[in-house]
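Take a look at these structures.
Shared chain: chain A. Partners: chain B in the first complex, chain C in the second.
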Partner chain A sequence: MITLSYKGKNTFLEAVNEKSGSDVLECYQCGKCVSTCPVSNFMDFPPREIMQMIKLELKEECQMANSTWFCLTCSACSGRCPREINIPAVMEAVRHMAIEENFHPDSKQVKNIRKFHEIFLDMIRRYGRNYELRMMAEFNIRTRNLFKDMHLAPKALLKGKIPLGVKSMKSAKAIKKMYEMADKLEQQSK
Partner chain B sequence: MKKVTYFPGCSAHGTSEEFDQTVKMVMKTLDVEMEEIPDWNCCGATSAHTMNESLAYALPLRNLVLAEKLSNDTMTVPCASCYQRMKFTKIHMDENPELARKINTAVVGEGQYQGRVAVKSMLQYCYEDVGIEAIKTKVTSPISGMKIACYYGCLLTRPKAITQFDSPEYPMSMDRIVEALGAKAMPFDFKTECCGASFSISDTDVVLQLSGKILEMAKESGAHAIVVACPLCQSNLDMRQPDIEKKFKVRYDLPIFYLTQLMAMAFGYPKDKMMFSKHIVPVDGALAHIGEVIEEPKKTAKGKKAVKAESEVE
Partner chain C sequence: MARVGVFVCFCGANIADFVDVPTVVEEAKKIREVKFAVDYKYMCSDPGQQMIRDAIVQYRLTSIVVAACSPRMHEKTFRKALSDAGMNPYLLEVANIREHSSWVHQKDKKAATDKAGDLVRMAVAKSIANEQLHEISVPVTKRALVIGGGIAGIQAALDIADARIPVTLVERSPSIGGRMAQLDETFPTLDCSQCILTPKMVDVASHPFIELIPYSEVIELDGYVGNYKAKIRKKASYVNFKSCTGCGACWQKCPVKVPNEYNMGIDTRKAIYTPFPQAVPNKPVIDAKHCTMLLKGKCGICAKFCEKGAIDFKMTDEVIEREIGAVVVATGYDLWDATPYEEYGVGRYKDIINSLEFERMVSANGPTGGLPVRPSDGKVPKTVVFIKCVGSRDKAKGIEFCSKICCMYTAKHAILLHHKVHDSRAYIFYMDIRAAGKGYEEFVNRAQVETGAVYLRGRVSKIYQKGEKLMVRGEDGQLGQEVEVEADLVVLATAIIPDKENPALARLLGISYDKYGYLSEAHPKLRPVETAKAGIFLAGCTQAPKDIPETVAQASACAAKVCGLFAGDTIKKDPMVSTVNKDFCSGCQNCVKVCPYQAIVTEDIPLGHGAKEMRTVAKINEGVCQGCGSCVAICRSMAINLAGFTDPQIINEIVAI
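Right after this comes the complex of A and B.
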């Protein structure tokens, strides 16, 4: 069951406001964010509607929408918001709460986006830096889409656009440790 | 001689090796000595801040702390995404020393963070610290004749509160540098639209649509090429261009240069040093325009007025 309260905050709105450092109540629904957002046409609910849903305490609907996962954090919306709401931070707050509480939209697109981020972070945990080729290969394997972008491979590899290896860090161990500690800190703040 | 701390970022060893190489060449000509952060780590990019807040602060913070151990007071970052994460972390840590201490002691453990080092993108460093005049004096073989659309992407000038540089809507710093090199910077309305960034892999369709619009607008501006200062913008616009052309049944044939590649050309470095062979869209067509005379359209009374209005805005 999903609950509206979050970390001692009585309402979803309060929790989002605190986490994002913005006041969603300021939103007067002008829709400038929607017309500015380059991916609003991919979203279940464009930013304006997410803002209204937060005000209406529709926590589950917000968390189960793909919108926060599609947000590119390009900040075009917040740059034009007449109420100066940090919309990407609001999107991020909703997404982080969904991750913590294990609520995720079930669509294949969102699963892929999530998987990509997990694999990327896994590369950093292992090498301290991104291993691009391996990241792409693992993404194809883990999404069971082996031939994705294969048509690019001959050109990209031959031209050296994507190198075969990675120059990993000397203190890659320190990064592994940082991951453990960061996870601990996230657990504590729950 | 100026000295600056250098954070190359992961893609400098991968998809944007040519950016890294040409940055080094250009800085040498501009009499700037670059000192790389020893054993730097990935900034965490989009993935860290999407998934894990503590990690999103910790990864850049380690680099910021390491940068403070060097004597320079400025750090420069070529990749727009690395730059954004570093500057974002710096501003949040400076504003909230309590949080900085917490993340630093609980996660990073590399020593105290003081907030001493300024973080600037490569573009910002060239524009503010080196300056247009200094760049002009180093130009030995101008790239006049080339028409260029300057594409900044989302992260170099936005959000204003983080970057504190140029305009978030219609930046001009790169245009001014390109003009200092002798080329013509075209009016281009999609300067700060997003290319789709990390969706390149997770949801390629988004990138094909977003980057497609950017290419379309650049072509419409009359440009021979696009110039960028971000590895992800470059690979989305360059590597995905054949797919975009196929999907929308169009032909753009627009090479995507890094700003520093063009600077190095104008500074007289030989062509084979630019690593143009790594580009997917061939560059020769665009480079062939060098030396051509661009005929300015005759200014009508109305045109003059418009030009005046623009300079007044500045």
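Right after this comes the complex of A and C.
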């Protein structure tokens, strides 16, 4: 049972709208996003229901759902949305709010996804680009699953999909600067 | 010796796929009287009609049989073809071998062909006994009667009067304006209802071709198309409208308070009152049911304060008569009483109101000065739940149909709520959002996006009180979960039903109505403004629920129909009417009872040639008679004959099979 009681302001809805630059109120619940989404089968609430939950100010339920973490931001949904809602941006907004407030589902899958995000961003910060080999290693170590996907490694190596080193990049410094600026901004906003 | 021509139609594949048309032609040729028989792909086409015209001249035919579709489709076409060839059009018979044979016997081709042959034989036999008939001319009284002074009646009256045709507009309440005068703003443009309505009301009052009779009712309608006679009862207003200036001293001083109908009973009016400030005519009337002077003979304060001496407690109802040619019925709608919804606590909780009550509250001239309030404590509500389809689409408790306008006005209410109370929120429980119309879908989106109205798909199952709040429980169909809303105010979009006096009015006018009391149109698609009775037309919600644009369109359509009817000095009418053979009539008057059109009256004639004693016989008014044949069937002395369906014609048909 969901109890709806209006407190004079749509805080969650307005925050999501502001972060995503999209208007969730536009959603008329057609479900085209759900049938488009390649991973909606694995979500506990498909994108359409997430939109409705935002409208109903069900912040906790929304952040506890694994949907926003499972979203691949492939944008197939927003490409087809008749109400022109940027659904991946909405998903991302909810995700960001969860990270900021340190409030996210307890499931292992979501934890792994978070670790993946963190490691990936760390790779970019260090090298300005992804270093696949290190990324895989770190992910396997941090998730305590050393031999995960190891059987794919020989084939991928032979095909050159996993370079052994990382090529240096001209603009790596600039990217580092971006990170620093982002950190500064984040601290300011706190 | 009769000379009959038979023309059999293929109707493309409609007939030819299941009836062997050439065989039917061969069968027809075997009949002695048939001098010419032929088939053609489309008999109704120009070449097909030309075949008929040519054959009439060439073979000197005396009657024609067309075996094709239902006479409802093309009887007129073929009659015209006959008269073009110089033949009386009523010598035509149509054998319906499409609806009556090919379409209903698609599984058995031989049986369909045999039946088509029988139908042709019957039509040929009947046509031999056909007589030459001539259209009846009926004179017309060029004055229209409009019943009901809502937006439908106002629009119809104005459009007819603009064509310089006199109109009598009869309104039951003291002022015209109807339901539209109660509305605040109208969807989808949100323009003020009063601002667009009152100019039309003023036009009605000042139009030289409109006679406005307020506070009155039609009590009798006699006659037939073009020649009706209406009796109108003017209810005693106890105020002499001629000397009254509408100053308002009387109602300011009146001590009696009565629930105000215009404001849905939210506040009170006096026993002497005008319904609302912009009333037309702006003259007060005394409510006889509540006036102490009229009930107990004491008071009379209004008379004391009336400077003009316009108040007359001795006034009585007055019946006036008008001769008219056509009637437009526009009696409007009412809201269904939601009391059967016990699970919602209707009547138990004060803070559950209906949509018209909400409409009056948000109206600038309403009882609360334009602000919605909780009836229980007068507080402004922050969370308002709107429930749609209350009584609509509910065959268990209410009515089965969709009330059509609730989706739109509820979206409007959500917007108006937001305009009046900025920090409020509307929750709307809906079954479907039916927003078909120009600018309607956009309007609903506006309610959702601009005002943040939350639409929850599901019917509310129950409402209960918890402290100050009303807990509204339903399902959010989008999440598939039960929801409960803590509401300050609940607004029910109750079903639209016709005026409760519609059945009585329909009987009085001699027209039909459906099980809900809506007046029936002649054809749901092709004759939506006419009734089955010639010269009576329908406008607005009296026929079915509809919004203002549709109502206005239908009212204007009625006006066009009336103007068309009055275009000539006479009306042409089908000659297929009944006549009484007075020599045979026994005067039993059974026919008078069965006639659905009140076309039969009685008259006294001498018992015999030159005798002084009189006897009563039936007399049929051919202007009213619609040729249904009920009187023919009930007449025990076979004194009544229906032209076009005479006894010899029918007997010929029976003998032929």
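Convention: the second predicted complex is superposed on the first by the 165 of 190 C-alpha atoms of A that agree within 3 Å, B and C clash if a C-alpha of one lies under 4 Å from a C-alpha of the other, contacts with A are read in each partner's own complex, and residues count from 1 in each chain.
We take it that a residue touches a chain if its C-beta (ideal position, glycine included) is under 8 Å from a C-beta of that chain, and two chains touch if they have at least 3 such contacts.
Please read all numbers here as calculations on a predicted model, not as lab measurements.
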item	value
Superposition-derived comparison: chain B or chain C, residues of chain A touched	B
Touched partner set for A:Leu25, first chain B, second chain C, both or neither	second
Partner chain in contact with A:Met181 - chain B first, chain C second, else both or neither	first
Chain B versus chain C as contact partner of A:Cys74, first or second or both or neither	first
First, second, both or neither for A:Arg48, with chain B first and chain C second	second
First, second, both or neither for A:Lys9, with chain B first and chain C second	second
A:Leu56 touches, of chain B and chain C: first, second, both or neither?	second
Touching partner for A:Lys161 - first (chain B), second (chain C), both, neither	first
Touch list for chain A against partner chain B, complex	38-39, 42, 70, 72-76, 78-79, 86, 88, 92, 95-96, 99, 109, 112-113, 115-118, 120-121, 124, 128-130, 132, 135-136, 139, 148-149, 152, 155-156, 159-163, 166-167, 169-171, 174-175, 177-179, 181-186, 189
Interfacial residue positions of chain B with respect to chain A in the complex	10-11, 13-15, 17, 39-42, 44-55, 58-59, 62, 102-103, 106-110, 154-155, 158-160, 168-169, 192-194, 196-199, 201-204, 206, 210, 235, 239, 243, 277-280
Chain C-touching residues of chain A, taken from the complex the two chains share	1-6, 8-10, 13, 23, 25-26, 28-29, 45, 48-49, 52-53, 55-56
Residue ranges of chain C touching chain A (in the complex, touch as defined)	382-383, 423-425, 427, 445, 448-449, 452, 454, 457, 476, 478-479, 481-486
